[in-house]
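Letters A, B and C name the chains as they come in the text, with residue numbers starting at 1 for each one.
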């Protein structure tokens, strides 16, 4: 990038990919500017969203900034959440759940490594759906680890983790993979 | 709510809470309007985001709409979401994906005939990445055929396969190739 | 035919015979629609030689098919009076057109692949909104459905957890003994000289493996090029008959097939 993009755009991009409040200090680090400038830009954005009656609003909560849906629109969001579509998991969520089920207890970074993508959002979704829970910290790095819940077993129709089918029959012949041109 | 909120705001709120591309039809159901109006409003929003150089953009991919960070801001987003990078596909995988995309449903031997090499390993890679799936058997020889997935469209940022550029100008008359295609 | 001594080919990354052929055509700044394929035949054969025994057999066969066609076309150009006269010539023209068509087809997909690559790269720089619900809505979520049973779940897990291969060149190389085209050609010469001819089937009946059959086939092409044998084939894929048309005396025949054997720094003449 030859030209430095405008600060508000950078902030919007960062806010879009997180669903946890982010501090102005952290945002300033990433945007390579001062937290004063960031705070100022965030306030301006919040005002602009309000003035233009956007569907989202920018609020400062618990020492961080986060995008929220506008309160007046809650009935629509509720309808969307209650719609049957939300009962099922996305493919990304299912795959992440599968990794946790077979590798538990497992940290987010390990899941990311397996899936090749950032899984923060998906892990939060699985937590929110009660399919996984935190299971202490990794003794080495101290990172939070996750395990599956009784609800997850119930949804699969299993009594215990011992009943999870072995992966062996499903794993491709490793010889076959040797000349796979991959990632 | 006494007053009906503006459609663009409703759509923005819904797009903020979704974690996969949402179809205009579903959005219309929730917003209680027609999918034509929704589609029109979505296009207008997408244009507005572009014109105002927002940090996010609204894109139609794989038959649905989803908010994305603007591509130019990737360096900042990647600084924040460190493990977000996706592994790149090899030339072999790209070429194989191209043949599947344009000739689907297609068997492995037909892909081999086009590329002049065995493609078993690459096909497995693409299957494992979820970019292609099995699509029944060839009625003549019974060989497994493959097609591309919605995930492939999403990764390419395509609305549908129709958006792929036409191969016709580059292709020799396919009738001449019948022999070449069945090794 | 001389393979220049200074011909040092650094094997570049290429995927299959068509890819290689396109690269070579590009290197000669020739247009694929007009190129006389015989011009790049030497380079192509040189690449095959340079790869030594680093070949995967499945790959090698495709390369050899293309190489054989190229040699054939080249030989036809070098032979005097190569106007279309008989069925052999017609078959050669067909082979050329087919090779052209496949090459053009491959090029089209290669261009499409480049387009996909660029799209993937751009799209990978856009990060999607993927958020869990705001706390006030989380309680509303309907009971979650997995939509699959234990077996399907395990299959999914296996797919996701399957080890990804390292990006590397093919590792399952052919480790069979090296087969010398030159030796096989000498053997064929001696045999044909004695018998005057025979079917390809008979000439390869004592081969120890596919590689030897391939080597003898290449040897026959070389002998054909030298004008020492002629071929007869009643129909496509039918029995191939080889007839010795060279001298029949006791004097040693020409050393043919040397340019296939990269291991021996053989004569640089022809």
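The rule is short, and it goes like this: a contact is a pair of C-beta atoms (placed from the backbone, for glycine too) under 8 Å apart; a residue touches a chain by one contact, two chains touch by 3 or more.
Computed from a predicted structure; not experimentally measured.
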Chain whose Cα centroid lies at the greatest distance from that of chain B: C
Chain at the geometric heart of the assembly (C-alpha centres): B
Centre-to-centre distance between chain B and chain A (centres being mean Cα positions), rounded to whole Å: 22
Distance from the mean Cα position of chain C to that of chain B, given in whole angstrom: 33
Gap in Å, rounded to a whole number, between the CA centres of chain C and chain A: 47
For chain A, residues contacting two or more additional chains: 13, 16-18, 68-69, 77, 81, 92, 121-122, 125, 172, 177-183
Sites on chain C at which at least two other chains make contact: 56, 127, 129-134, 137, 159, 162, 164-165, 167
For the chain A and chain B complex, residues of the former touching the latter: 1, 5-6, 8-18, 30-31, 53-56, 67-70, 72-73, 75-77, 79-81, 83, 85, 90-93, 109, 112-113, 116-118, 120-122, 125, 172, 176-183
Interface residues, chain C side, partner chain B - complex: 13, 15-19, 56, 58-59, 62, 66, 97-98, 100-102, 104-117, 119-120, 122-134, 137, 159, 162, 164-165, 167
Residues of chain A defined as touching chain C within the complex: 13, 16-19, 68-69, 74, 77-78, 81-82, 84, 86-89, 92, 94-95, 97-99, 101-103, 114-115, 121-122, 124-125, 127-131, 151, 155-158, 163-167, 170-172, 174-175, 177-183
Interfacial residue positions of chain C with respect to chain A in the complex: 56, 127, 129-134, 136-138, 140-151, 153-167, 170-172
